[in-house]
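Note that the chains take the letters A, B and C in the order they are written out, and that residue 1 is the start of every chain.
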């Protein structure tokens, strides 16, 4: 019995089996993302109280913080899939990493941009070199480096493996970079939400950020699955099963 | 072990026979450092303040220039393949190459920086800390840079792509290295910064040759 | 004894060859033939261990080359398309360096004798970039003569050699094989060696 289950799991490790599975999952994740976005934004704008010091402008924190969390989380997931692809020599894991990179980069960029929008009314400047924003900037550079390296290498498998090494080196470096930048400048607000300390903000604000984080998470998964399907079509274009797909055949190629 | 010494000697010999490449990188360092006062103004107090940062950034850029030469020539003439197929472990041979690279690129920077630091009116104590920081930092730069050089071997857009990959990874070295000198100047003591730099160096010595070797094998597949 | 079973090679999206078997024993040499782009160089690089095969196993004296690693490399001499000489070094320096990398001892007299055998007497201390193309290839021949390796994998070794050098190389390979060595070569030209096995690569 358990043998059957194991075989079933590995069955989805091939692009051919994963393609339709991903197709079925995507609408569910879009649905979840929409649901979380609606409730999250509702909480952000109508339920969370006005901050005593920062007024209404602080509400951008409900996008900035979840985007920042997601940019870091996606980097870890991306490095995981890339590393798995390198260790087990599987194509699909590497394709997953390739699919996640642009979404992670956008999250990093979003966190930078919303950080600036938040900073202008708070600190009077569009950009401040504080620890968090600077680390986010460097994380954004790491994403760009990963995407650029994969784009520059023609051979897909070499691009997968080289990207994996870069991502793994990045994963080791992200905590080091974060720590060093924090050491360098500590004027950012102390972590308002942390796993170990009690949050120093109203519970509703916390809920708002967590739900928005879930919304971003579902959105990222939906987007990554969509992108990985496109990558599969592109890289497996020479195989019979791709040529037989209705969406490929229908183009009269 | 003999093979590693052989590689180091070989790379040093090659560098001596192509002195111009090594000297060009050094002159690049000098020119870049001199550009800043020209762009910012000759006010001594300001220059003294930004000197550690400038010297470090220029050192980063000069190291980057030298990285393109680390594996590319060997790859082009087939000697890299021979190294991969040599009985000696590739990780050791790669470490040998990185050591030679540091001797020809990093060490001259360490010796030249205090001379340039005088231009910025840094006092002897600060210059001493600068030398120690660069002594710890430049090997770190060579080690991390080697990973980038191996990943971009034979790839389009090589040099610029290498910079995009490696410069973000250089940030901790820059922060702690320049920070050490600044901490000394402001009287806080450079001990913390220098120890962190040493810790990063130890981590890189352990981790970087392994990553570089993996990247080289991938490049040769 | 080198054996390979079920080797397949994929480059980009093309499958160059699959299900390839070969076996070469002591005292034998193998001529790998095929059109340009058929996968001859890829096959040789896979056998040498530079690229992993998409499928299949390679065994050296009964053990998988992947596990043997260092011990396999010690018995192997691979020459690829590129010259594998450093242009700024002299032929003598190139030879000594190659020997040190291989972990073998090479005294000056043996090195000089090998270089002289291949017509490089008087040029041992001239940087390789001052030599002609043919002379550069002869430095490689000297290395073949000096290195003690059982398995030779040579990719297009006869390229850029004049008639005399072709003779010298053929002599070397015959000597090597007669003494119990193994050689695997590719060449577009007919190889002037007797009694070789032939392997055709590509459809």
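Keep in mind that, in the parts below, a residue touches a chain if its C-beta (ideal position, glycine included) is under 8 Å from a C-beta of that chain, and two chains touch if they have at least 3 such contacts.
Predicted, not measured: the structure shown is a model, and the values here were computed from it.
Student: Which chain pair is joined by more contacting C-beta pairs, B-C or A-C?
Tutor: B-C
Student: Any idea which chain sits dead centre by C-alpha averages?
Tutor: Nearest to the common C-alpha centre lies chain B.
Student: Compute the distance, rounded to whole Å, between the mean C-alpha positions of chain A and chain B.
Tutor: One centre to the other, that is 32 Å.
Student: Calculate how many whole Å lie between the centre of chain A and the centre of chain C, each centre taken as the average of the chain's C-alpha atoms.
Tutor: The computed centroid separation for chain A versus chain C comes out at 48 Å.
Student: Please work out the Cα centroid separation of chain B and chain C, and write it as a whole number of Å.
Tutor: That gives a centre separation of 36 Å.
Student: Identify all positions of chain B at which a residue touches two or more other chains, and write them in rising order.
Tutor: Chain B, residues with two or more chain partners: 221.
Student: Please give the residue numbers of chain B that touch chain C in the complex, ascending.
Tutor: Within the complex, chain B touches chain C at residues 2-3, 5-7, 10, 13-14, 17-18, 76-79, 81-89, 93, 220-221.
Student: Can you name the residues of chain C that touch chain B in the complex?
Tutor: Chain C reaches chain B through residues 48-52, 70, 73-74, 76, 78, 80-89, 93, 97-98, 100-103, 127.
Student: Under the definition above, what is the set of chain A residues touching chain B in their complex?
Tutor: Those residues of chain A that touch chain B are 138, 141-142, 144-145, 148-149, 152-154, 157-158, 161-162, 165-166, 168-170, 172-173, 176-177, 179-181, 183-184.
Student: State the interface residues of chain B toward chain A in the complex, per the touch definition above.
Tutor: Interface residues on chain B, with respect to chain A: 147, 151-152, 155-157, 161, 164-165, 167-169, 171-172, 175-176, 179, 196, 200, 207, 211, 214-215, 218-219, 221.
Student: Quick one: in the complex, what on chain A touches chain C?
Tutor: Touch residues, chain A against chain C: 155-156, 237-238.
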